[in-house]
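Structure provided below as structure tokens; questions to follow.
Lettered A, B and C in written order, each chain numbered from 1.
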Amino acid sequence: MPRPDRRRVLAGLGAAILTPHVARAATIRDGAGREIAIPAKVERVFPAGPPAAIQLYTLAPELLLGWPRANRPEELEFLLPGIGNRPEVGRITGRGNSANLEAVLQWKPDLIVDAGSTGRTYVELAERVQGQTGIPYALLDGRFAAIPDSYRILGRLTGRSERAETLAGWCENAMATIRGRIAGIPAEKRPSVYYARGPRGLETGLGGSINVETLSFLGARNVADQPGSGLAQVSLEQVLAWNPEVIVTIDLAFSDAVRSDPAWADVRAVKAGRVHLSPKLPFGWVDFPPSVNRMIGLWWLAKLLYPEAFPEDIRPLARDFHTLFYQVTPSEAQLDRVLSGRN
Amino acid sequence: MSLSAADLAYGYRERLIGRDIALSLARGEVLALLGPNGSGKTTLLKTLLGLLPARGGSLTLDERPLSALSPPERARALGYVPQAHAGTFAFTVLSVVLMGRSAHGGLFAAPSRRDHAVAHAMLERLGIDRLAQRPYTLISGGERQLALIARALAQEPAYVILDEPTASLDFGNQGRVMSEIRRLAAEGLGVLFTTHDPNQALRHADRVMMIRDGQALASGPASTLLTPERLEQLYRVPIETVRGDDGRVAFLPG
Amino acid sequence: MRRSAIGGNAIALSLLACAVLLAFGLGRFPVGPGDLGRLLWSGLSGQPSGLPSQIETVIWNIRGPRVLAALLCGAALAVAGTAFQGLFRNPLVSPDILGASSGAALGAVLGIYLSLGLFAIQLSAFLGGLVAVGAVYAVGSTIRRGDPVLVLVLTGVVVGSLLGAGIGLVKYWADPYNQLPAMTFWLLGSLAGTSKADLLPLLGPVLLGSAALVALRWRMNAMSLPEEEAQALGLRTGPLRLAIVVAATLVTAASVAAAGIIGWVGLVVPHLARFLVGPDFGRLVPTAAVLGGGYLLVIDTLARTAGPVETPLGILTAVIGTPFFIWLLASSRGGWS
């Protein structure tokens, strides 16, 4: 039987006695209101899922250990070299829990960050992982409106408060500007919008779903304003009955087909040419992953819905956003590709 | 004209059950197959029906090798009466008997007028015409056995092979089924049945074949073959013989 | 019995007619009965209906194809279920017993995972169903011990659970934002996206397979007997079984490819049909087809009219099928009548 190493036992005891004291000195409340000890040094951060990875990348790219899913070549060119291609590390939360905790430990992270739901399931998951690994696990509120606050929390946790304030400020500024301009638009001038997913365009986000958060933020009338907070399937007949003025989609195949499909020809949005394919490079502008990438999508959507109220050109806005958040300035050709919505 | 086997070996691909079987069933006669449990009677029946390929020797039906016949041809010559079972679906008795006509129509054919006529004729022949529309699952065991005989007869075969036709029947139904069997032979069919009861063989069969461990111990006319000595040899228990005033005998085991 | 069979078929056909009328009349897009009549007249006479083009689109391009697809899928699943219940001598068997549905499901989720086009996903599902049953049949045929029907069922169960694991694995790999919801919708079953273009790949296999099953229905009586009895009645059980399995798989795989996983229809409808016309397959198979088509049509009409958002078919068939089946179990006595 191996004898316990006395020095290590003593050190462990010492740590157990000392930790609360140190923690009291520097703690922060995360997005779920949990008290997290701010680690003394943060050099390696493990993202629990795609939204956390994106937000962390925009704040402190060099800390990001890897990506939940490896980025594709067409996405890589919009990310910092040497960081966009960091390895695939799997994800901890969500249905596909593909990161083994032992493997997580092997990456020797100083901090685990998750962004998304702060519901009880995720709080308990965070507590458990933190207890098992001994690594602080911060849970950020992934809702669109909470993005600036999440930046500030992440900034304090990683010692990047200054840049966090810059990014949070950009977001708050965008949200305030846009909110201010649409506040005066009367309800009847707000277009009805159908958000189409899937190759047939017959999957949609219900009123309360995270998929259409930015649409709700913009005060658009989501035709599928049903109780519920997820995706649902609808029939084409129902879409005809709704007869939306604008269709926003993330599906390339649908956006190609809808313009020539006789069954869709009578929908107001199709007749008026107001079917819009969402840009998705390097990360989608409307729906997924639900992270800061939606911030530029907010401008894009605002222009689609209220062209008169938003005369500015989307190109410089997108260039600024890329430069500030992704720290890679796209060329004109790259911008064309982003705005076309094609990969 | 007979169902004949010579030097017949039978069994499954991986296991031979019996061999050296010589047997001949002529039209108009009743042959009983007598043997203890596990003697290989049922496997022999399946081989005689052409459901299992013979493992050796010859097996002919009216001078043609049985294996050369197509399944429908076989079914039009050999009728099979399995042990009565309840069945999965509640077919009417008429539907059950009509299944006996499978080999007489095309693959896609519905039962014809003639098929219906034959089925009803066979039901009448066995005196169960009144059951025609009753669910097969809701009639008695004896009636089921009669329905299965009617089904075999609807095949219009020259020979009928019955597997323990009285195994699960009460005393009265045993008598009814056995006298039907006798009548079939009188009408010119060759009848072969297996049984556990030597008295049945003695009373209703013309000839008897005794098998044990897949081998024929003896065969010959029922009246001379069935002796207490041979039965003791077959079943390995003492046999008591009861004699009636008219000279008829019956056997009791143990 | 003969008269009651005619009565049973009359009931089934009138139910079907009601279902079709109801299905064409109801929908999220309001179309009045008068408009329906004018549309029908213009369809028959070739003259313009004079109705707004939206109404024409709804009836001819959306509701019409969907009604037809529901009829085809329902009839196909019911006929396949009836045939399999006979073939496997078990009234609790459904068309997916040999893995047709799980194979098709694996094909579909793989197609979604690989971001294939719509038609390719359907094809992948269809082929998945055929390959799965082919594998079950091939494996089952190499096992020469015991009752071939039982061996086939057990192989189906084993392969089915392996396919289930495969589906789980692909879902696990899938992108949780985009692909996973699509897979979930597909696995729950829906006809929401049916268009005219979907009818052709459905029509061919379903008509072919159903025609074969209807043609073979008189032999299914004897095929429901124990193997050796059926052989003694002159049936070539091996080729017949293969033919029934191929035909039933064809229709099941095509239906699942078009509509996703819809349970219960193939299990419950054969019982309903037996209740109406008795167990004789000669009468049962056509009645099951009629009832199956009507049943799924009613379910699908409910699915698309109950609310602005579609209710998945698989959920409706289960919610309606389960109590019905329990009632059936409780009220049946002395065999499956």
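Please note the rule applied: contacts are C-beta pairs under 8 Å (C-beta built on N, C-alpha and C of every residue); 3 or more make two chains touch, one makes a residue touch a chain.
Since we're looking at a predicted model, the values are computed, not measured.
Enquirer: Mind listing the chains that sit against subunit A and also against subunit C?
Expert: Looking at subunit C and subunit A together, no chain touches each of them.
Enquirer: Any idea which chain sits dead centre by C-alpha averages?
Expert: Closest chain centre to the overall C-alpha centroid: C.
Enquirer: By mean C-alpha position, what chain is farthest away from subunit B?
Expert: A
Enquirer: Centre to centre, by mean C-alpha position, how many angstrom separate subunit A and subunit C?
Expert: 41
Enquirer: Between subunit B and subunit C, what is the gap in Å from one C-alpha centre to the other?
Expert: The computed centroid separation for subunit B versus subunit C comes out at 43 Å.
Enquirer: Distance between subunit A and subunit B based on Cα centroids, please, to the nearest Å.
Expert: Roughly 79 Å, centre to centre.
Enquirer: In the complex formed with subunit C, which residues of subunit A make contact?
Expert: Checking each residue of subunit A against subunit C gives 50, 69, 94-96, 98, 197-200, 202-203, 206, 224, 226, 228, 231-238, 240-242, 250, 253, 262-263, 265-266, 287-290.
Enquirer: Residues of subunit C touching subunit B in their complex?
Expert: Listed in rising order, the residues of subunit C that touch subunit B are 1, 86, 89-91, 144, 215-216, 218-219, 221-222, 224-226, 228-229, 231-236, 274, 278-280, 282, 334-337.
Enquirer: Report the residues of subunit C in contact with subunit A in the complex, numbered from low to high.
Expert: 27-30, 53-54, 57-58, 61-63, 66, 117-118, 171-178, 180-182, 185, 190, 192-193, 195, 304, 307-310, 312
Enquirer: Help me check something: in the complex, which residues belonging to subunit B touch subunit C?
Expert: 13, 46, 49, 51, 71-76, 78-80, 82, 85-92, 95, 98-100, 102-103, 105, 107-111, 133, 135-138, 151, 155
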